[in-house]
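One chain, chain A, appears in both complexes that follow, with chain B as partner in the first and chain C in the second.
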Partner chain A sequence: MNFLAASIESLGAKVVGWFTVAYGMFAFLAKAGMLLLDRTTWNRATFDVVIKQVYFTAVQILHVFLAYALVISWLIITIILSTARDFGLTEFASEMTIRVLVLELLPFLTALFIALRSGSAINTEVALMQVNNELDALAHCKVPPMQFEFLPRLIGGVISVVTLAGLAGLIALLQGYLSIYGISAAGFEPYTRTIAKIFDFQIMAGLIAKCALFGLAVTLIPVTAGLETPKKLFMVPVSVLRGMMRVFFAIVAIEVVSLALKYI
Partner chain B sequence: MNKLHFKVGLFTAASLLLAGIFVVYLLHARGFFEKTFHLQLAAASADGVAPGVPVVFSGIEIGRVTTLGLNDDGGIIIRAEFLERNAKWLKETSTFTLDKPFVGGAKIRVDSPDLDAPALPDNSTMLLLTSDISKEIPALVERVKAILANVEHLTRKDGEINATLANVQTVTGRMTGEYGMLEGVLGSPEKARAVTDSLDKTRALITKLDAMTAKTDQWLFAQDGMAEQTRASLAQVRLMLDDAQSSLKKADALMANAVEISADVKEGTQDIVKLRAEIDDAVRKANALVNEINKKWPFARDPEVKLP
Partner chain C sequence: MTALPGDVARVALDLPLRANLSALDNIALIPLYQRHFSAAESARQAQAMLDQLGHADIALLRDPDMTPSQRFVTKLARAIILKRPRLVIDRPGAMLYDVPYPEFIRQLAAQDAMAGTWEIFDFSWNQALYQA
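Let's look at the complex of A and B:
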């Protein structure tokens, strides 16, 4: 009986913990959103930090990312094409390629890429700032951390994931065309027809929304996880660990929900 | 110049440019810059048709069903939309068939047998035919059943096919013998040997015939051969015939004289003697000629020429 009560209690504690985290996250998001609507936020200083964030999150890694997208696309396209040929389903190969790569896999991998590189860095930085009381110091100097530290990171993350996923998608479209039809204009008409069939307004809007949510997840979650850190240095790795796990689950959840909305 | 700002600016500009190009391309692909062509299809049943069902021409999707509805008479009106560039395949002679395959969704098939026919005007109404495989299945099953019964009857134990196969086996068994196919056809090696023997003899005969033909050829057509001689004889015959002809002409003239003369016999006794000699001469020549010809040619066996 005691054991049962203990396990129920621990379950309750976990659920309460999840709710607290979720509430903290959404409260933070709401605060950021409110700040975004405030006219005073849109000044030169904030804009500069946003540009810096975009530079560090997207531009700095552009060549590495594009090479990575190229290799992954080439692999997946080759696998899909040869399998389709084996089963005599070549006419579906182009549609399959576009659906798998451009709509699902590349946005997902882009989000993971940004999460691993920038998300973990943001989490560590915010956690260290929290432990070292830097945030309080900033606030004291009339430099609100929300406006100059967190909001630019969120905006930069969203812009970066949307742009990088879009670029990777365009590369995959081009590569798919080259793999199926070779260097000739002969396949332009049927390929255009396939693209027109897949990308209707709903799909495009869903794709952009999904990428934006990915971008938000890979920056918002590390920031809130960092802010949660108790003011002890040894808690920083724990905070990063928790934050990254949450980012991973959030990315998977967004992907699953988007798939469910699309196909169910 | 701020290098960081420049890079971010370049990145943003390039991304926006690519995004813009892609959006324009997508709008073009989806026919945003084109007019839409509408078509109404009247059908007896809308079973299996739903908004989004493709309209295909030669296996390529050219349009989609947009709405379904009933008209005032309870008939079904299916509305389909096409892009302007695809509407050119719709002709006044086109037929529209609703295909419901076993596997895969329903589709409306367009067949345009005459591509030179006038194009279908916008918003026109056409008839939708139905080719429903599932309705043909019971009839098909009945026929297949009958065929299977026949096959079963043919292949039963001690049936015709079995007997035939046994015969074929015997024949092919013989065919593996010394005389192969011949033995298979004739039934035993002895008979087959007789046939090969006669074939050998025939071969010998043909060799002999060959030699004979060569000789005959020599005899007939060589220099001084039969053919040459015959030609010479024929020339002679021509000469003799000419001779005879001239003699007979003379005789003719004499006969004419004779008619005149006979009126006055007394005065012409000398003429008659002369005439008699001429006629005799002609008849002799003719006789000689006929004899000569007879010697060379197998004419009628009557060399006498009767005197008039």
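Let's look at the complex of A and C:
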């Protein structure tokens, strides 16, 4: 009986914890959204920090990311093409390549890439700012941390994931064409027709929304996890661990919901 | 410390600099975000403040690269540029452990452009250091 009560209590505490975390995140997001709509937010200083964030998150890693996208795309395209040939489904190869790579795998891998590189850095930095009282110091100087530190990171994350996923998608489309038709203009018409058939308005809007949600997940969750850190230095690794686990689950959840909406 | 009135600019150990910003950027944040000056003008004002305090050379240093006295000067510059009616230096011994600090603060306060009164809150047992 005691064991049952303890289990229910522990489960209840966990559920309450999850709700508290979710509430914290949505409250933070609402605050950021309100600030985003406020005209006074959009001064030169905020704009400069957003540019800096996009540079650190997307531009600085562009060469590594492009190499990574090229290798992944080449591997997946080769697997799809050889499998399609084996089963006599060559005419579906281009559509399958676009659906698997451009719509699903590349945005997902882009989000993971940004989460591992920038999400973990954001989580650590915000946790250290929290532990070292840097946020209190900014508040004392009446420099708004949301406007100066957090909002540019959210915007930068969304812009970076959307553009990098778009770029990786374009590379995959080009590689797909070259792998299927080679260096010849003969396949241009059927290939572009397949692209046009797949990318209707709904799919495009869904893809952009999914990438934007990925971008939000890889920045919002690390920021809120960092802000939750108790003011003890040894809690910083725990905060990063929790934050990155939440980011991973959020990315998977977004992908699963997107797949379910598309195919079920 | 949260009970302190809003007209006080504090220089204290528990109000650190932003670690990933240079001394200049830490000071320039104030005119940039509070008075909405351009980035260039804010940086100019911040540099002028460091010049007035006689530490122009620390402008590009980040917090981990500064000595305790350089860090103190940056915090002091940040507090002065806030332009609040009162400037409080809270337990300077905790921040200035590499120099004889009453003399160091006296020298900073004696710079030509410094105005107003700086209030120093320190432990009573350190009183003798100020009378030396």
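Note that the second predicted complex is superposed on the first by the 264 of 264 C-alpha atoms of A that agree within 3 Å, B and C clash if a C-alpha of one lies under 4 Å from a C-alpha of the other, contacts with A are read in each partner's own complex, and residues count from 1 in each chain.
In the analysis below, a contact is a pair of C-beta atoms (placed from the backbone, for glycine too) under 8 Å apart; a residue touches a chain by one contact, two chains touch by 3 or more.
Just so it is clear, the structure is predicted and the values come from calculations on it, not from any experiment.
In the three-chain model built by superposing on chain A, chain B and chain C fit together without any clash. Residue contacts after overlaying the shared chain place A:Arg85 against neither chain B nor chain C. On the chain A superposition, the C-alpha centres give an angle at chain A of 150° between chain B and chain C, rounded to a multiple of 10.
In the superposed pair of complexes, A:Leu170 makes contact with chain B only, with no contact to chain C. Contact with chain C, but none with chain B, is seen for A:Leu128 once the two complexes are overlaid on the shared chain.
Of the two partner chains, chain C is the only one that A:Ala45 touches; chain B does not reach it. Once chain A of one complex is fitted onto chain A of the other, the partner contacts of A:Cys141 are limited to chain C, with no touch recorded for chain B. Contacts of A:Phe199 after superposition on the shared chain: chain B is touched, whereas chain C is not. With chain A used as the common frame, chain B approaches chain C to a shortest CA-CA distance of 12 Å. Those residues of chain A that touch chain B in the complex are listed here as 51-52, 54-55, 58-59, 62, 163, 166-167, 170, 190, 192-193, 195-197, 199-200, 204.
Those residues of chain B that touch chain A in the shared complex are 4-5, 7-8, 11-12, 15, 18-19, 22, 25-26, 28-31, 60-61. Listing the residues of chain A that touch chain C in their complex gives 43-45, 48, 125, 128-129, 132-134, 136-138, 140-144, 147-148. Considering their complex, residues 10, 14-20, 29-30, 32-34, 36, 38-39, 78, 82 of chain C touch chain A.
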